[in-house]
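My questions all concern the structure below.
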Amino acid sequence: MFEFGSPREGLVHSTSEVALRFSIQINEGPYTHQASDTAYQFTKAALEKGHEIFRVFFYHDGVNNGTRYTVPPQDDRNLQKLWTELAEKHKLDLVVCIAAAQRRGILDANEAKRQGKDGDNIAPGFRISGLGQLIEAGIQADRLIVFGD
Amino acid sequence: MSDEQQKKKFFYLNRKAPYGTIYALESLEVVLIGAAFEQDVSLAFVDDGVFQLMDNQDAAGTGMKGFSKIYRALGDYEVRKLYVEKESLETRGLSVEDLMPITYEDEDEDYAEKPSIILVDKSELAKIIADQDVVMSF
Amino acid sequence: MSTLHTVNKSAYERNALKSCLDHALPGDAILLIEDGVYAARKGGSIAPALTAAKGNFKIYALGPDLAARGVVAGQVLEGIETVDYAGFVGLAADATRVCAWL
Amino acid sequence: MFEFGSPREGLVHSTSEVALRFSIQINEGPYTHQASDTAYQFTKAALEKGHEIFRVFFYHDGVNNGTRYTVPPQDDRNLQKLWTELAEKHKLDLVVCIAAAQRRGILDANEAKRQGKDGDNIAPGFRISGLGQLIEAGIQADRLIVFGD
Amino acid sequence: MSTLHTVNKSAYERNALKSCLDHALPGDAILLIEDGVYAARKGGSIAPALTAAKGNFKIYALGPDLAARGVVAGQVLEGIETVDYAGFVGLAADATRVCAWL
Amino acid sequence: MSDEQQKKKFFYLNRKAPYGTIYALESLEVVLIGAAFEQDVSLAFVDDGVFQLMDNQDAAGTGMKGFSKIYRALGDYEVRKLYVEKESLETRGLSVEDLMPITYEDEDEDYAEKPSIILVDKSELAKIIADQDVVMSF
């Protein structure tokens, strides 16, 4: 893991800041609330400062960030793509809560098959898993940051 | 029913701040589409809704799309009545000078530019609501 | 051993900031984000409470959220420091835990 | 249209109540907020009293009521199915706003094709259309009732 | 020519009920639904405001929402009438327009 | 890192009323799953969160699924610390008698039934928050 040796551009005026492991929880869907935007900017900034992101966990309506069916207006940001690209670049673990996803209609191929649905809509870079992954994210990280409504 | 009878008073009640949630933006999208229907349209900005009209909005740093310019364009859509509640401004330490200038061109007066923002107090707004046919809340 | 508290709700509409101020300890940091930043604007009815709180807590506001909402530099209450997303990360790193008042 | 001649079980103590035409606007997704539940109970009660429902318009996160991919827990209500069944029984017009749906990943077959997506998720009984349908719902109905957050 | 106002937010958390009371006219009906029904419970700090408002408005609370939240019959403020969904429809029919304070 | 060192203080901050939104229910779902991880768990009910614990909840008439029984079962999951804030109760005209009785069996005292609800005031709760490792907000 990257350790801060000397002051760098973009670092805050913190004297104590060393590389930490963050977990991120996102509770709201894209566009409807700013939570996903703020979480994305925070995650990007943390990575740029050399911190580790242990996991990004999508809960409640946050699971709606993980559908590849969104088609936002062309002059607007595409939050799903932003997350997918950030995950690809930094090997992020983007986890969509299975219980929350079932209530809200987010499916991967496995879930679709298991539930007898005729298709799935999960976006690249996201995976569906259980709430235990959120608890583990809390245990393994130095800080858990919650973005919600 | 004739076309004239079909004309209804549409009232858009905006009580939420912009950007934190999408309601302000998607409310505007209804207003723009609704303008084509040639109803009698008015908008009200109450409580945190008054923040929607603040001047100098620049969303670029958040990654979100700014949309404050749309309010300025409402006159072009013949949306000319934007009621802003005085008490809501005062509580937030705002005056009308802190808001965007929003105007329309009055075709009956040689296209003179006139302000679309109408300051009202609570009791005036209460009477305006009581005069509407359709209230859409955001 | 301090806490970073985040508040993302308008103090004119909800009680999240009030509840945060009631539960922060001296030395804690409070970061206003999203619609929470309106509280940082001078002249509003919440300003006195926030000014009073500055004696106990370090209060910050997220710059990009201020800008999005048209709260320009001179309008921010004295003593409230503006940070960017990197600064937000730094505040979270400096604290022992982060508590969101949703 | 049904007119009330004499007092009936279940009618409120209104003396003036005649059959009216309602339009319903739903602004929030299922489960996350109660708005869809309340709107459903209201719509059902209005129909049982002999009123007409001109249209149910799903806006903002309300569009998420219209995905057939939801799998709520077995002991919970399935709001999408409840709406689909009510629509079938009473020939309701359930309209999902296209602009809101695009932001949130609700697609029908046409939209999927037009946007180059590999599948769709719209539920039976729902259709995707423009915001003009909401304005028309306001114009044509005696009352527009908004359920939201 | 009256208005039915609906309030679905907790008056302890948000300002929707206060704003509704500020903008209703004498003779209007106010229906508390969803989390809005907590205001109808006796003994809370919002109760005096609602009791005072009864002189000007007809105030109702949705019974199924009261029951869901554990507000039982004897706990509802005097003068607030409980209605079911059919009653909600009736109130909407009796009014000239419905205004939701979201 | 040993298993002992891995044990963290998990704190669930509940500030929202039940039923109007899903946060109360989905917060409970995290608590139940989290119980299997044998961390040091406590829940706090503040502001409208205290409404979650009201007795006599019956959601049947709304069509929604009632879930208040889950709170009573928390003791079986070894979730035994439910901090309820006095000031939040008082503002809402509630006393602890208006809340569900929630208990756990203390295996160290011959499985005696003990109350899980712990009344605290604001300043006590502030200190409890300052002692946590992970704060999950709902």
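Just so it is clear, A, B, C, D, E and F label the chains in written order, and each chain counts residues from 1 on its own.
In this section, a residue touches a chain if its C-beta (ideal position, glycine included) is under 8 Å from a C-beta of that chain, and two chains touch if they have at least 3 such contacts.
Since we're looking at a predicted model, the values are computed, not measured.
Where touching is counted per the definition, the chains common to chain D and chain F are A, E. With steps allowed only between chains in touch, the distance from chain A over to chain D comes to 1. A straight line joining the Cα centres of chain A and chain E is 40 Å long. Look at where the CA atoms of chain A average out and do the same for chain F: the two points lie 27 Å apart. Counting partner chains per residue, chain F shows two or more touched chains at residues 16, 19-22, 47, 62, 64, 133-135, 137-138.
The set of chain D residues touching two or more other chains comprises 27, 31-32, 34, 38, 41, 60, 73, 99, 103, 144, 146, 148-149. Multi-chain contact residues of chain C, defined as those touching 2 or more other chains: 8, 12-13, 15, 34-35, 64-65, 84, 97-98, 100, 102. The set of touching chain pairs reads A-B, A-C, A-D, A-F, B-C, B-D, B-E, C-E, C-F, D-E, D-F, E-F, using the touch definition from the header. Those residues of chain B that touch chain E in the shared complex are 13, 15-16, 46-47, 87, 122, 125-127, 129-130, 132-135, 137-138. Of all the residues in chain F, the ones that touch chain A in their complex are 6, 8, 10, 22-23, 26, 29-30, 33-34, 36-37, 39, 133-138. Partner chain F is touched in their complex by these residues of chain C: 1-3, 15-16, 19, 22-25, 28, 97-102. Chain C meets chain A in the complex at residues 6, 8, 33-35, 62, 64-65, 83-95, 97-98, 100, 102. Across the complex, chain F is touched by residues 25, 27, 59-60, 99-100, 103, 130-132, 134-136, 138-139, 144, 146, 148 of chain A.
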